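Following are the structures in question.
In the two complexes that follow, chain A is the common piece, with chain B as its partner first and chain C second.
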Partner chain A sequence: MTFEIDYLALAPELVIVGTMLAVFILDLLLTRPNKFWTATVAVAGTALAAVPLVILAAEGSTRSMFDGSYVVDEFAVILKGVFIVSAYIVLLMSHHYIESDRYYQGEYYFLLLSSVLGSLVMASARDLIILFIGLELTTGPLYLLAGWRKGDAKSNEASMKYFILGVLSTAVLLYGMSLLYGLTGEITFAGLAEATADMVDEPAVVVALFGLIVGFGFKISAVPFHFWAPDTYEGAPTPVTAYLSVNSKAAGFVAFLVVMYQALPGLSDIWAPALWILAAASMTVGNLAALRQTNIVRLLAYSSIAQAGFMLVPFAAAAVADADLAEAFSATLVYLVIYAVMNLGAFAVVIAGARKTRSGDIAGWAGLAQVDTRLAVLVAVFFFSLAGIPPLAGWFAKFAMFRSVIIAGGTATVVLAAIAAINSVIALYYYARVVKSVWLDDPVGEFAPDVEAAPAGSLRLALLVALAITVVIGFFPAIATFVGDASRVIASG
Partner chain B sequence: MELFETWALTLIVFLPLAGVLLLGLVPKANESALKAISLLITLAAFALSVALIFRFDFSGLPYNTYQFEVNETWIGAINANFHLGVDGISLPLLVLSTFIMVLSVIYSWNHWEEPRNPKAFLILMLILATGLNGTFVALDLVLFFIFFEVVLLPMYFMIGIWGDRTLRKIPGFGREVQTRLYAAIKFFLFTLFGSAFMLLGFLALYFESGRSGERTFDIPLLTDLGASGAFTGTFAFLVFAGMFLGFAVKVPMWPLHTWLPDAHTAAPTVGSVLLAAIMLKLGSYGFIRISLPILPEEAASWAPAIAILAVIGIIYGSLACLAQTDMKRLIAFSSVGHMGFVMLGIATLTDVGINASIIGMVAHGLITGLLFFLAGSISHRYHTREMSRLGGNMKLMPVMGGILAFTAMASLGLPGLAGFWGEFMSLIGSYNPLEGLSLGVFRTAMVLGAIGTVLTAAYMLYLLQQVNLGEPGEEWQGRQFHDVDRFEATAWVPLIVLIVVIGFFPKVIFNSTTDSVVSLVETVFNAETTASLGGG
Partner chain C sequence: MSFIDWLGSPVNWVFLVVGLAILFSSWRVVTAKNVVHAALYLVAALGGAAILFLMLSAEFVAWVVVLVYIGAVLVLFLFGIMITRAPTGKDVGLDTPHKTSPALLSVATFVLLSWASIQAFGTTQVESVGEPTSTEVLGIALLGRFVIPFEVVSFVLLAALIGGVTIARRDLTPAEEEERRAV
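Right after this comes the complex of A and B.
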């Protein structure tokens, strides 16, 4: 055992920890009107955390600590980059939202940054314990944040539902992990992969896998473990919802796939069919339920369930067909990265739009284009990107997914591809419904005057960042494939 | 000029997109600047495409050689390239596309439908131009797919925002909805449904095109592979089926056509023109450029089915026309019939048939484009499209009526005008389809198609009789109507001239297409060709 600490490799995490503490202390010192400084520090700290990441990325080497349990390789760096960029956008979205409603600002940023720290840890985890800690550090603070609007019953409901179901699933997940440890005596992924290689016939392994799939299924809100999502999304403050649907979902996804892929490839005969069903069910149920939604945040909630289904497709297909998992892994990551950006953009637009229209109902957004063209253009960009319409980034996510499915081959995968194709048409219908309301319908209600509704500078910046990435990746998807390539690092080791 | 050779196509495709950015900077109120910029951009694209004609090598290069090629790495990881190029088949369509775009801007000059907003409308038109031009020159399946899809968004907004606002009862819905809303989403969903499966087909081709690392989306390379028999069996069947769905929805072929009458009728005038004149051709062009050469065996086994569907389309479209009371809807349905002839020509898999389909596409673009312009202008003046209320137009607006009569004649396939060649030659082609295809099916198709031409004449004459002839109705008595104005004239005269020129000298099209088509049929289908029909 060696406990040498590589400070450069840990620098992003350390910067975030430092920022958390700074926010915490600052919150004690500042008087009420000056609390907004906590937000500024949080945003600046997050941006600063990107600096060591860039250095690590440029260096491109693999740094391993604690006997290979904590690894900073290209794959981890890219993921951390995604987590930091999306956290940055969420922080920008939060700034005005949290300040204007006089919530506990310092605590808010402290908790949000803890969650970010968790996801950074998770990206480097190469054994079950660190993975679990990272994952729980990501979700734990969110139970609180979901209930941040204390006066609102819906927000309390959101927090409660999320907490109860979350804790239950965590217990199940942990039970699965402990069974695995009991069966093999290993906690590192590499060790597990070796030990489980010929355990397919072991009944206890099935129970362990069941626990893992239920636990992770909850984190990524895959059907049938999705029931908490719509209510929690609707009740939570919108920036928190954005964070839930992007960062915490992405963290869960990566954990899920890395465990299946790195630790348990030998058991794919057991988990592959389960993934296939999760994928098909999430796409179909999520989409069909989204069709009926009238509230825009609930619509995005169901859409994110369906999107999780799409993300599972490559992996499920490849595993069922016994094809190259590396290909599938990179397709899922490409999807994840693009989804993160466009979904954050969609939520940012929802925040700005809700101010302007004073409504969370799709019908209440009718005619927005007639008073605020720029905002309406953004609605069209993000929602059509989610639907996968070229030339917006979403097309390449769908494309990468279909590509990996076709490469996998086999009947079960072709069926899955057909289900995905039909679902992407259904999805278009409800995304287009929002755009239709904004662009094609005549206004029904009063809009807020510009003085009070104009998006704050930080929100504008968030929108601008998301817009730029969405459009640029749409035209030059090669940028996104870089992420996929990085995932091959983990495939080789 | 090396520079021209390498940049011409890129410019033709992306100039309009650059124009979009430019328009974005101009304030909404400055309409004349907006219009001037759009006109300049579309004119520049058109001028470039005309310059292509002059620098084009017409010396009979074999199929699968392209000119003005650009081939740059685009998405390295999946080996998708930015590959553009034209050959004799795509050249006329590209020129048609840039040409119609210019005329549409000119026509728009003083024809803005509610709720006006020229800035948004022109931006959408230019995005549309990029998608349309791009599809005709893309030589990479991914790129083709992107351009093919890019046209959806602007068209959705065009129909949805500027479309027909009359309320309509839709079966299965409780409330009445505005026609534009229903038509826009229907168009979008149908096309996306088709293209999702088309994409799966493309990906499957990619997968079969080689081992990992050598796979390609390149259309010329896939064409070579296809000719050497790389794609066969159930695999090829499924791929063809997927691409068939994508292209057939766009053409549209019966029974996937139901979005068309709604979309064309609901769209604003310029939207209908662009839909009919250019966008429908993306589907039939896809068949010629991708389905046929890459999957020749499957094309041969699907051909009878395509021919049957095409003939059903011809007959059904014509009968549907006869049942219409709305002038614009009649013209919309006539597209189903005309595109049926185009598809019948393609289905014969002969040089005569494919030549017919290309000239048919160009002619349909010019003629139906003009018909939609006319329908727009007429309903703009009468504020109705109900043919029972119109009538006596000849007396109220003699020039407009004259042009309508001329165009209707062209549309029904009068010899000497452009519409004749496509119909006539695709019927000839189906008398003698590619060797091995069922003569029974194709000759029956020919007979039914011939009946279709009679029906076409019937509904076009019915249209003329209803709109042009007779006495003006009571409600129009004593009203003054402004006959064709100068913007309309500027937009329409070039179309009329071209319809006559192509009618008398179909060689202007065949010169470009024949060599490519003959070579396509010879190399891909190993067939003897009759060669030299009308061309060189």
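Right after this comes the complex of A and C.
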């Protein structure tokens, strides 16, 4: 039996593969002062990978390969777009950051691009094997990148913690998957959905499902599987942290929801309450812990845990209430897309701000507005957007979330909505505290002079892209709705 | 089917012996006070797993376990112990005072998994596939139906290799780097 390979459908992945190899070979040929070329090639290659995506999006057809286990439909194309754009922003953020210290550059870009490749594969995966391997390729290189600052004990700790807990959760995830396969003999999502439809009472299925939830819960750093996140985020190089909190989290989210939604819809009586608890716990624990943080990266780490909770809300609510899952799925996706951009913006601001203030402490950022108004404006934009203040993109994410909850209805749903509402207020407090420190407080320390602290051109571009998307989506939410609508493709099968 | 009936079939005898051997060696892997002994017991445990695969007519997988796990991974373990001059004698540091809760957790996991498996499969008799899966069939599957995961796995390995070397190598100090450039 032969299988046709559709090269246009695979083109984004192939371009990334080509770029990886080019970066790798280039790194061997160049001397240290010229290593920045590897970054340039990586950025250019990532931009190039968007071209076949645009073609596929314009065509709008569904391409399916290998018995429907690798599908490029509108949903996959949109997700790949999100992964590529956020990878592009992270690469721009990395460029100067990685060059300015004694990091290994070529290898850095190679590993980052491997992770991007993994997320692209994952977006198309419609069977357990491809999904698992895609997810591993997404997170595997990050274990190493988290420890890229080799001389720094914090970075080593970041890498070790992430690696050990990551491997453990992967093992649990794989165990769950193999149990599912053992029970049903199926690996494709369509086959699993059919085979598990009437298996709710089977204890082994519950054990398998538990394994999947633990494994995916770790990848999205949902409470109670979040213990690695703050230390890893703080110790890893900041661009890697940005990537961890956006790309790898988004990849985990997509895997989680697609598996639950497409492969195991018959078991929603079991996973719906589990998701409800994950959502409520992540929001509450993440936000309460964020209140006490003095370091800005740790603050963003806990905030990203809380945001993961918000993202789970629509889906958990709809599943608990037995409402329309397609609606909830699109709300979660809209949230994910908007979160990706504004969180990357926030991290880009942190990189620029840390150079200017020479400090990672929120107290050290006091009075930044007095010396650098533009940077202070950006701080306000991204942090207020994360808090969900109109007219910045974050408000629409929150709006979509609450709307889908209201549509779902039901008591458990309303309770979850109330928890989400309280948490939004708490979140506003700590986001606003950073902005207040920057704008209203008096400076406590010396700021670095402009000569050494001016953000590099690539970082400016990263900030500009994130800013543009954040503001434009805020004013024209229809763009984000379009993203959500694309997710209905997956709902129809 | 009663246990006596079950023992009537010689294949089940083999299974029983191999299973007990795996159980014993796995137990010793964890409890051995000597790293080298632990590694060697792991060889025995994996060898038993290979035999189980053989009994399931999965010849290729069985030999992969032997070649890759026993032949390569464990030999690397032993090399690693040798080269890093880790203590090869009795090592008290291998033991931990916090044994009770992990042990309880392991037992609980075991009970849960066995119970779930028995509930799911019970006395279901799985028909033997008969023909062993040939390498040819596997090869065609790997490069046909499963070509994408197959290729992606190679990138997982490449990334692990490159990243591992970068993290593990000793960095040159700026002075050494200067010196190297001069040459």
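The rule we apply is simple: the second predicted complex is superposed on the first by the 491 of 493 C-alpha atoms of A that agree within 3 Å, B and C clash if a C-alpha of one lies under 4 Å from a C-alpha of the other, contacts with A are read in each partner's own complex, and residues count from 1 in each chain.
Convention: a residue touches a chain if its C-beta (ideal position, glycine included) is under 8 Å from a C-beta of that chain, and two chains touch if they have at least 3 such contacts.
Values in this document were obtained by computation on a predicted structure and should not be read as measured data.
In this superposed model built on chain A, chain B and chain C occupy separate space and fit side by side. Touched residues of chain A were counted for both chain B and chain C, and C has more of them. In the superposition on chain A, A:Leu8 makes contact with neither chain B nor chain C.
In the superposed model, A:Thr481 lies in contact with chain B only, and not with chain C. When the two structures are aligned on the shared chain, A:Leu440 is found in touch with chain B, with no touch to chain C. Once the two structures are overlaid on chain A, chain A sits at the apex of an angle of 150° toward chain B and chain C, using CA centres and rounding to a multiple of 10.
By the touch criterion defined above, A:Tyr104 reaches chain C but does not reach chain B. Within the superposed three-chain model, A:Val207 lies in touch with chain C and out of touch with chain B [touch as defined at top]. Once the two complexes are overlaid on the shared chain, A:Ile407 sits against chain B while remaining clear of chain C. Across the superposed structures, the minimum distance from chain B to chain C, using CA atoms, reads 36 Å. By the touch criterion given at the top, residues 112-113, 115-117, 119-120, 144-149, 152-153, 155-156, 158-160, 162-164, 166-167, 171 of chain C touch chain A in their complex.
Residues of chain A that touch chain B in their complex: 370, 373, 380, 384, 389-391, 395, 399, 402-403, 406-407, 409, 414, 417-418, 421-422, 424-425, 428-429, 432, 436, 439-441, 476-478, 481, 484-485.
Contact residues of chain A toward chain C in the complex are 1-3, 5, 17, 20, 24, 65-67, 70, 102, 104, 107, 110-111, 114, 117-118, 121, 129-130, 133-134, 136-137, 140-141, 143-145, 147, 150-151, 159, 179, 183, 202-207. Every residue of chain B that touches chain A in the complex is listed here, in rising order: 74-78, 115, 120, 142, 145-146, 149-150, 152-153, 156-157, 160-161, 180-181, 184-185, 188-189, 192-193, 196-197, 199-200, 203-204, 206-207, 238.
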